[in-house]
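Each of the two complexes below includes subunit A, the first together with subunit B, the second together with subunit C.
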Partner chain A sequence: MSGVSSTIRPERGMATGALARLGQVAVLPVGVALRLLDPPMRWMQRMIGARRMAYVFLLPNFVFFGLFVFLPIGINVVFSVTGGTALFPSQRPYVGGDQFAYLFDCGSYLDPSSCREDHFWRGVANTAKFVVFQVTAMVLLSLVTALVLNMKIRGRGFFRAVYFFPVLLSPVVVALIWKWILQRDGLLNAAITTLGGQKILFFVDPGWAMFWAVFVSVWAHMGFYTLILLAGLQAIPADLYEAAEMDATPRWRVLLRITLPLLWPNMIVVIVLALIKGAQTFDEVFVLTGGGPGTATLMVVQYIYETAFSSQVQNFGLAAAASVVLGVVLFVLTLLQFAAARRKEV
Partner chain B sequence: MATMRLSSMLGQRRNGPGRPLHWTDIAAYVYLALGVVLMFGPVLWLVLSSFKTQSALLEFPPSLLPFAQVEVTVSGQPQKLPLFRAKLPDGTVRELAQVRRIGLIAQMVDPADPSQQFRVAIDKREPVRRVALATENYSEPLQRFAFLRFLYNSVFVTVIATLITLLINSMAAYGLAVYQFPGKQAATLAVIGTLMIPVTIILVPVYLVVTELGLTNSLWAVILPGAATPTGVFLLRQYMLTLPKDLIEAARMDKASEWQIYWRIVMPLTLPALAVLAIFSIMWRWNEFLWPLAVLTKTEVYTLQIALNAFQGELQTQWHYLLAMTVVTLIPVALVFVFLQRFITTGIGSTGMK
Partner chain C sequence: MRAATPVIASFTLSLLAATAFGGPAAAETTTLRMTWYSDGNEGEVMADLLKRFHEQNKDIEIVLDQVPFKAINETLPVQLASGQGPDMARVVDMGGLSRFALDMRPFLKDPGYWETNFGPFLEWMRPAGDTKSIPGFMTQLTVTGPFVNKTLFEQAGVAMPGEKSTWEDWAKAAKQVADKVQAPFPLALDRSGHRFYALAVSQGTQVFGANGEPDVVDGGFKRAAQLVYDWHKSGVMSKELWGSVSGTAYRGANDEFKNAQVVMYLSGSWQISQFAKTVGDAFDWVAVPNPCGLGGCSSMPGGAGLVAFKTTQHPKEVARVMDYLASEPVLAEFYSRSLFVPGHLGLAKKGLDYPTASPEAAAALKVFTASAAQISPIAYRIQGYSNSRIVLNAVISRLGQAVSGETTLEDAYKRITADVAQQIAERNKK
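Presenting the complex of A and B:
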């Protein structure tokens, strides 16, 4: 027994030790509950046999999946083809593709103001703009950071932690931290006036608002992508670098000929993941700018949220139709991700 | 020549013998130093600002540390008086307490000797300020808003949701890892499928389900929909697959029930993976925003994140409370970070480098 457990307990980071012990104490009541469940489970096992107990173990999780994921996907489709303001599908009249027709009713798709549902198209345009800038900045910055963190430098552990830190912060906290810095009398404007400039009202100017939405989002999530790329960098065999050193290959050549080509599969994963996350951007930007000024930073998810929950008339059908459109886009991106992952394996 | 020697010396220290310091090394350190300022600076600024008084927060340009004007008790005066450094007509500078201000003239006394009175033009005096922490920013919201309520809601959601997640995810993982049964393939595929459905695209129908279950404006509406995480099932299943099958067979020989094998043998051995999932779940739940925002409309069920968002609309002039509450919201995350820090550095380090 002890021999077995020692093979199972290789160092898995911080999980062993003090934290695990803390967890044991915290789940003590759960332990009692699990013990109490033994008699009914034993009875169940006698009734259906040991093999079919698998279904019993799967059941709770799949009830949750069914109620809160699978069923909603179906309902979403129903919502998107029915109209009215009622929440319950049976009270909603069937309207066919009207919701989609309404969403896509545009004079020109390049000009949101020519659309009947102009907020949706502004959301689409803003999200597209946001994603292009954010993903570009994210990939470049996390690549540079991962390369730097992979060098033989002092305090590497500390620096890795520094870049990862904001990933853990909640979007509300992230947005408020930056709102405080960027406000009219904030730290940044103090720096600008000290250097002889004029105060800038960052959230009144559409261009600045979008810039800071991208900046804050990159600031918050860069650490996550850096971590993926760092893992990729460390998987590159060291003997390649040793051979390059033997030949006195200059560093830039090592970077272009060894590091970047071998890192490329990880880069694709990072790009696609960032695209999927970027298309769903909501919380940080919503708290930071509220979608404004005007609709300058209104994203698709904010449009869905506001159409369904916070507008005067709760238009669930239109929100569901917009969700379906977003879902299709995300599905395509996910297929891309799988294709990228498969290429990585080959 | 001297710089050459210096750089090769530095290089020796860092990279082992014989490797000089490359310019990219210097660039790397500059980049990292900049990163520390940019990543930690804003959080540090938030914490420093949260200890400033309301009037200190309105100052422009802002001071780095939280300063507050010193107030002194002077015998014969009912209230504490603000302390100033006043320049008297004879050219001396003394620290005086201001009794009252009439127009452009301030009436001041020497705190040590209240019988000595002075009349000082207000532009000839400067407030005496010391570093002082405005802890009332933290204590007052406790009484003025239902701050403890929001804190309790957040803790309740985080703890209960994490326990439910650990239980049902580990059960499902155990089922998928240990048994062979018809439909196993389909069940695994279904888990992968859920992995691809973000809450953003099923917002409206999940709201309908929650309403049908009669859960609107209850904390259970936040807890239940995200309780079964596909990530958790995968994480635990992968870990359980590495456990030796003999162990389970031996337990069956000893007439242990399947349920006993699950919680007496497999669960304790899966503890490292459970701890990782617990940390993930705590982070997800504590930070969750879009779903609670949609489903919680009554103030008494707000979680901290929702309350903060609501306050930043209402309290825009009361940044001192808002900043303090933001810091409180950040504390559990900071604690998790202290644990995770070792994981990030050692966890990755051990995959390839060592």
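Presenting the complex of A and C:
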């Protein structure tokens, strides 16, 4: 046995050595660059002090976020208080809160048809419905899948890859694939008629259209959330389960008393991310149902897109106001979620 | 070092030669961009013509950006507003984009030729109140009209209604055929405001009030809307077009027609080349005159124009390209190879040969050309109105909601009126 080991070890050692040398060569330019940066950094630290150096290191990120996140948010807010059809803010008349007043001009917020801008409120109602169903289904299915994939089952690696694969696809591709499956002469209707049933026009019935919008969204994104929960499950110390096993604790009790409480921080991440992504849903549903039938699957983001770009009067002001409203709602929801998580941790 | 010396010397010499000879020649070439969408083969034809132009005019190079139709309506206006648009583009919403159009008169060889041959259509491209500018020419004149699957009629043993038949006659016949041959779409109408107005004008809608402003919901409009609504209820029309998507989304039934699922399809002359190519011998199809109503038998005119934009840095070169493309022989070749109804009065008068057209396509072109002569003045007025897309989009969006069962027709009428008023007010904000 030792003889076998002795013949293998040197080969491994050679390979590792070669790899290490290759690595050293590859990182050589980085090392040189860091050495070159060293003197000016030391000089800067002497000038501004060690504590302020943290801000220097954060500066590139601040610049990136400022240019690509905060500046567009600011421009959006400026657009939301202006009117007309001009593109440049300097050419747009200031209208104050008129766009918001127009959006919120409703007889009853529970009845979109009583609102002046009914499409916005139909979008709000549909998005709320979509988020409730989608987030619930997403969290439950991701949890069950993660629990199953965390068990010692045959082909575990294969199944993990299978569940994650749809995440890698473009949302437009996902929607087109499902559209081909669900259309009048699609795969599903072919199966139904083969079994002796009648064709179902899924995109003409509001209930079916919303069901498939939720289903496709869950199918496409579940792998990502499953992965987060799986990481959480693997971080739970094994000795807790061993102790429970020694005490002959029933499995459901282990799930409720050990797994779920320790998985809660990951669950919060999943819920918050799913909520935000759900409220921002656009591309998949737009390609799949076009917002129809009628406005049954029209989401807020589609309303924003259509108001700003697809009508002849490109109403950037109204679209920007709707974006601000959506942004505020998402911000408040995120804060509430984090507050709930903190209370649970305490 | 001795080996490197000749390399450095030859590199330096090449650089000098490139600066001396290549530099000025490259600087003399002007590159223009043309944004283009296609319904059929017209993009290929235009690419051929531009190549030929470049061979004769080496100093001008044109990059043809072929984009989807949606990009013409949604992306191009933003590009133009930001000053980053192309030099020329093929557009449909000529009135809506007229504020960006270039008046080419100072640069054209013979503006009189343009006035004589494109006169009535130039009005569609001009901003309100402008009666003189020349921004472009029509790449095609379109006429709406129905295509009928003749084979399905024959298989069902139902006689096709004749000329001057009403919409109701055709709807009844199409339903009978569809029931007998199990076709899912008896009558299909593109989900487009423009197509809806082919029906509405024949029902007598006037669109504009006495003050010249839009007064969309009148008796003729209501008759047309009621027909569309009732046809969806009775199964003459499938909800898959008007009822399955929301807002202003366009949906056509081209694919369904090509797959012999549609008995009668109201679309227009721009489909001829596509159907001639894709249907082939699969079934016999014919174009028929627009059905009639209380307001007559008029169809809707339309079309696409190649328009130059004032943001161009090279107006003289743009005008040279436009002069070439709008010249009679070049335009005749373009219309003929693309199977388009000519938007050039001289060519329309002389008549065009379509040597590449199949017998079905040639017959359809004849029907659409005859329909063009019967278009009512109100139909031309809608087409030329600079806010026409506001009206057309409001109609699709709200009628679609009524068809899907989300609202009533009465609610749709109120919303159409409110939408049109609100959007025109927004556009007029300074």
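As a convention for this text, the second predicted complex is superposed on the first by the 266 of 346 C-alpha atoms of A that agree within 3 Å, B and C clash if a C-alpha of one lies under 4 Å from a C-alpha of the other, contacts with A are read in each partner's own complex, and residues count from 1 in each chain.
Throughout what follows, a residue touches a chain if its C-beta (ideal position, glycine included) is under 8 Å from a C-beta of that chain, and two chains touch if they have at least 3 such contacts.
This structure is a prediction, so every number in the text was calculated from the model and none was measured.
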item	value
Partner chain in contact with A:L140 - subunit B first, subunit C second, else both or neither	neither
If touched residues of subunit A are counted for subunit B and for subunit C, the larger one	B
First (subunit B), second (subunit C), both or neither touched by A:S113	second
Touched partner set for A:T334, first subunit B, second subunit C, both or neither	first
Partner chain in contact with A:F309 - subunit B first, subunit C second, else both or neither	both
First, second, both or neither for A:Q280, with subunit B first and subunit C second	first
First, second, both or neither for A:V69, with subunit B first and subunit C second	first
Contacts of A:L87 with subunit B and subunit C, given as first, second, both or neither	both
First, second, both or neither for A:L260, with subunit B first and subunit C second	neither
Contact residues of subunit A, present in both the subunit B and the subunit C interface	87-88, 309
Of subunit C, residues touching subunit A in the complex	73-75, 77-78, 81-82, 93, 96, 184, 238-240, 243-249, 251, 387, 389-390, 393, 397, 400-401, 403-407, 411, 415, 418, 423-424, 426-427, 429-430
Of subunit A, residues touching subunit B in the complex	4-5, 7-9, 11-16, 19-20, 23-24, 27, 30-31, 34-35, 37-38, 41-42, 45, 50-58, 60-62, 64-65, 67-76, 79, 87-89, 144-145, 148, 151-154, 156-166, 168-173, 176-181, 185-187, 189-190, 193-194, 219, 227, 230-231, 234-236, 251, 280, 282-283, 287, 301, 304-305, 308-309, 316, 319-320, 323-324, 326-327, 330-331, 334
Touching residues (chain side subunit A, partner subunit C) in the complex	83-88, 93, 95, 113, 116, 118-119, 184, 201, 203-204, 206, 289-298, 302, 306, 309-315, 317-318
Subunit B - residues contacting subunit A, complex	14-15, 22, 24-25, 28-29, 31-32, 35-36, 38-40, 42-43, 45-46, 49, 58, 60-62, 163, 166-169, 171-172, 174-176, 178-181, 184, 187, 190-191, 194, 196-198, 200-209, 211-212, 224-228, 233, 242-244, 247, 252, 257-260, 262-263, 267, 269, 271-276, 278, 283, 286-287, 289-290, 293-294, 305, 308-309, 312, 319, 322-323, 326, 329-330, 333, 336-337, 339-353
